[in-house]
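Below are the structure tokens for one structure; questions will follow.
Just so it is clear, A, B, C and D label the chains in written order, and each chain counts residues from 1 on its own.
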Amino acid sequence: MTNTERAKVAIIGASGYTGEELVRLLLRHPHADLVAVTSRQLAGQPLAEVYPRTGHHPAAKTLRFTDSSAGEIAESAQVVFLALPHGVAVEFAEPLLAAGARVIDLSADFRIKNAETYREFYGHEHRAPALLREAVYGLPEIYSQTIRAARLVASPGCYPTSILLPLIPLLREKLIDPWSIIANSLSGVSGAGRKAEIDYLFTECNESVRPYGVPKHRHLAEIEQELSIAAERALQIQFTPHLVPITRGILTTLYLTPTRSGSEAGRIEAALSAAYSESPFVRLLGRKNLPDTKNVAGSNFIEIAVRHDPRTGRVIIMSAEDNLLKGAGGQAVQCFNLMCGYEETAGLL
Amino acid sequence: MTNTERAKVAIIGASGYTGEELVRLLLRHPHADLVAVTSRQLAGQPLAEVYPRTGHHPAAKTLRFTDSSAGEIAESAQVVFLALPHGVAVEFAEPLLAAGARVIDLSADFRIKNAETYREFYGHEHRAPALLREAVYGLPEIYSQTIRAARLVASPGCYPTSILLPLIPLLREKLIDPWSIIANSLSGVSGAGRKAEIDYLFTECNESVRPYGVPKHRHLAEIEQELSIAAERALQIQFTPHLVPITRGILTTLYLTPTRSGSEAGRIEAALSAAYSESPFVRLLGRKNLPDTKNVAGSNFIEIAVRHDPRTGRVIIMSAEDNLLKGAGGQAVQCFNLMCGYEETAGLL
Amino acid sequence: MTNTERAKVAIIGASGYTGEELVRLLLRHPHADLVAVTSRQLAGQPLAEVYPRTGHHPAAKTLRFTDSSAGEIAESAQVVFLALPHGVAVEFAEPLLAAGARVIDLSADFRIKNAETYREFYGHEHRAPALLREAVYGLPEIYSQTIRAARLVASPGCYPTSILLPLIPLLREKLIDPWSIIANSLSGVSGAGRKAEIDYLFTECNESVRPYGVPKHRHLAEIEQELSIAAERALQIQFTPHLVPITRGILTTLYLTPTRSGSEAGRIEAALSAAYSESPFVRLLGRKNLPDTKNVAGSNFIEIAVRHDPRTGRVIIMSAEDNLLKGAGGQAVQCFNLMCGYEETAGLL
Amino acid sequence: MTNTERAKVAIIGASGYTGEELVRLLLRHPHADLVAVTSRQLAGQPLAEVYPRTGHHPAAKTLRFTDSSAGEIAESAQVVFLALPHGVAVEFAEPLLAAGARVIDLSADFRIKNAETYREFYGHEHRAPALLREAVYGLPEIYSQTIRAARLVASPGCYPTSILLPLIPLLREKLIDPWSIIANSLSGVSGAGRKAEIDYLFTECNESVRPYGVPKHRHLAEIEQELSIAAERALQIQFTPHLVPITRGILTTLYLTPTRSGSEAGRIEAALSAAYSESPFVRLLGRKNLPDTKNVAGSNFIEIAVRHDPRTGRVIIMSAEDNLLKGAGGQAVQCFNLMCGYEETAGLL
């Protein structure tokens, strides 16, 4: 039975693109009351002024950004979203949890279960290794039961979501060789955040397509962790991110070696269908269509298509999602829905 | 008779988009030897590394950015291009001229003849009012004779060029009411320079069309100065700049009231044809085509078309240019060609 | 008191961008049941396949495009939206109305009250001049009372909406000179429809900004009709449309001469505030912000800002809207809400 | 010793984007006289009107498109470029060669050596299998000697160039496993040609990133032919093309398994350096930079960078080129230069 009681929610660090999406999603959420939104640099300004698109919500006119502490937030909010940079989120999560709030963190601070892996990829010791063990990886299609009960959810990154959802069911069913995985990902520029850097100027991104971070990207840590869990063995993948001149969207093309030959595409499609038959935001495309970022932009859906190449024996899987929604804010709200017992799609259609 | 002796040239402050264009144009110029390129932040790096597009020029591999003083530059270069921010150019121009170099300044520092107007629009006293009087406004289609002899050329801005070239012949011929001028301009994002500011991020400019700086833009000072000279009376115009999601290009749409009725478009086209019959970079379009930024991008051309609206009696003139070439670096090289007695088109086709 | 009874609705000719928006809006509308969607070329296909974005609506999986006649549609639907080309809509409107349906037409077929003006701008006789007189111009902010009672609503075009909403209150109050109006409009490419024409290829529109249809555009007929009604006298305006490389959005910059001097901007802002105080989709910006298409894309809002130029005495008004929503499908649904007695914002926030 | 005699050249079928590039390149070529340009649909129009960018070349004002036959062309031109659709080029090549002209074909008609492979990929018998055997594959970095002497050159496609240049030296040196090759390619929309199709409208491509033609693309035939020659054994590769919203450019990311471990990147970079030390248009990037389409757009260069991933043992090679220049018209002119004994870079810098 779905819950319909309203929840008081807050967003800490809402000055970036993900924060803006959260503000928009939570303002219009049927069961959420947005009680606080913080940002040091925007403190004092009403939401409606900073984010004109929210201007029609009555709350956006009265609610102002504050510079409140974790303690103050925890007094008024039951669920708190952290849209903070890596390394800063952990400082807020501890006192919020201690004060009884439930926390959904959109940074990478709690995505890695192993403190050593964290240090390897992020270059410093984790401040709260106990929380690392407690945190639930917030991929609702995979971990819905643990998310429901979680105090602390680590909402996955945009690249990982586009790679994990197509692959986890296949690794669980041993349908693909775990060491054969190559992920070629194309990301819209909003993935770089609202940061004043030359590299992300219009003039530098327009008419430009370019790889970056080759060969070792930080997101590999959480991707390989989750794939290894699914495969029940350690694995490493090839992952190359590219920047493409669109605002929103990630398109990932996966190259895989199937473990058995004969009707590979059918077997893989069947595994995905079975895994996601109850998942409202996974859209499996059939034989006619291929994923396209413009078909998911502005939504919480992920599109997935499978093709088999009989010439090479490989399977190619392609996925498309909106990096700010299914890859960030939308996914976090989907977790919020599960945590509160709401319809999984509440506020997201 | 055209000169064919080579000239030694230098660029001071070549870290921005205009500086990059100058580097490219002067490297491939048939009569120029680029002997020095300065930039505090890039000092020590070879041109080819900073600007990969220049990599095939032998000079780009050996020539490195320096942090040389005006004095050092003047020892080796006969003509010096200043691609510096407003207010900084003047500090270099004085010692360069004193040391015998000729200077082409791409900033606004020497475009205004009247020191009081300069203060009104730029908010501070001009440091070298005598040079202000000496400087020649570098619009080759209008001032070719004085440019040829000039020691100091103030190369016009991108908006002014797109407005002045269509209007000056009409004001000289008294064909339009000088107080009726409305200029609606659309600029590509490179016009904002290579500056790390949130407003010019891809994510802020893509899928965005927006006016800015309404109603008083700094470029008005030089626009109205030059139009008033042509009209032989003071005038003021309406000018609204907009930012559009293209890298290069300015499109200006001008709304004018003709002074006489009856065959307005024909009379105006005739005046433009007469004025620019010897101008290699002015492309007057006839009745079939309208200007389009993509037809001038990457070139030093300006496209101009004239239409008369018999319903309202107004004349509409539209122009398109590449803001970094005809609106900046290309125009400066065109001045350089005149100053040195080269073909006006040398290195620009 | 707002109505909450559900209405059965149909869309005729839903293969273009506007049709797609209507499908999306009506599928998620809280009070509408979409019972039929027609398209000759798409007949037989389920909505979800043609428009992947609608795939999650249960109705999109079962409802298929048909090639039904007006008579068949009128049997099942109470309100019918026509998303047909100019000249075709009139053929459907007559039998639908005769069969008792109410009709919202998104073409230009019923926007012109005067059959002679229609012939002047569209080049042929109107087929149903009696309906021309009956039809209500569907601008909800101006004609809400007559729209509520209308059998036939002519939903305005995208350019007209962006020009009429800022100007009508000012002409009614005699605040601006009716013959001074210059409208410079920039349109996203979706305004050209889903048509296979070279001019609208990515390669022709990208990095391109260009005027078109200078000086006489068909939309002038309805713009001048509505402005003349507001001004209580015939008037003509200057209107120049331009194509800019964005998918959605229109930005219009208006140049006006105020009738009285002294606090022009304040007086004009006050008139707009008074006129639109009850209009949920008009967002008047204050002195700090200017309209930006990206702030209204995907929404039914129009942003309007006013500036006075003390140098020239002119007033500049800028507006931004989504051409497919406030400029087409959203506005039609807003009319539908009024016609059925629903909340004006139902299904549109 | 380089030749400096002028050559008379013609272009057959110059109405597409590649034809336009050829017109532009040959008009400004120091040793070429463009004597004829044909297009059925454009016959009678001067070049300057159809392609405004060429307007300043005196020849563009006088030269008009014609609908001449191969025989007529062969009377005036020594070298003829065919910019025709696949299947049509062969009809012109035969009579041109018979009449003594040399031919550079930019279609796929002569790229495949094996008539059976041609039928497999293009679905019909080849009309002139003898010419198929004679034709030289026009990749100047690989086949410069045979190109010099060729009567008939088959200029490679854009995808093949971006894949072949990085791989051929490595396969020749047995540095990579020939069956491990995965090529993930991103193409700008101009690659689809100037065709009025819905799929290539601005509205369909903007904010869109999508794969297509998975898993078997026609270009595979020539790619695998040339790679197999280099490897001295038959091989098949994985190739996935994607469409990205830029006008020009191809970025290819290659995933490879090296045959030996230990300093893989160094060994591969060394092989590329050795292979291309005399190739003026191959720009090997070092360890600091990665390819970017904007750095090659508008030029005939290809950028290549190599990275080794010690975690997976794979080598990743990335290349960027302008699909209309190094991937089409520029490459054809490069062949022309070799065929005539000109500097390889003549007219291309």
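Basically, a residue touches a chain if its C-beta (ideal position, glycine included) is under 8 Å from a C-beta of that chain, and two chains touch if they have at least 3 such contacts.
Not measured: the values here are computed from a predicted model.
Enquirer: Which chain pair is joined by more contacting C-beta pairs, A-D or A-B?
Expert: A-D
Enquirer: By mean C-alpha position, what chain is farthest away from chain C?
Expert: The most remote chain is D.
Enquirer: If you average the Cα atoms of chain A and of chain C to get two centres, how far apart are those centres in Å?
Expert: Averaging C-alpha atoms per chain gives centres 37 Å apart.
Enquirer: Using CA atom averages as chain centres, what separation in Å is found between chain A and chain B?
Expert: It comes to 46 Å between the two C-alpha centres.
Enquirer: For chain A and chain D, what's the span in angstrom between their mean Cα positions?
Expert: The mean C-alpha positions of chain A and chain D differ by 40 Å.
Enquirer: What residues in chain B touch two or more of the other chains?
Expert: 204, 206-207, 245-247, 292
Enquirer: Spell out the residues on chain C that touch chain B in their complex, using ranges where they run on.
Expert: Residues of chain C touching chain B: 182, 184, 186, 188, 204, 206-212, 214-216, 236-238, 240, 242, 244-249, 251, 253, 255, 290-294, 297, 307-309, 311-312, 314, 316, 318, 320.
Enquirer: Quick one: in the complex, what on chain D touches chain B?
Expert: My answer: residues 28, 49, 52-53, 55-56, 207, 280, 283, 285, 288-289, 292, 295-296, 298-299, 301, 303, 349.
Enquirer: Considering only the defined contacts, which chain B positions touch chain A in the complex?
Expert: 17, 189-190, 194-198, 200-207, 245-247
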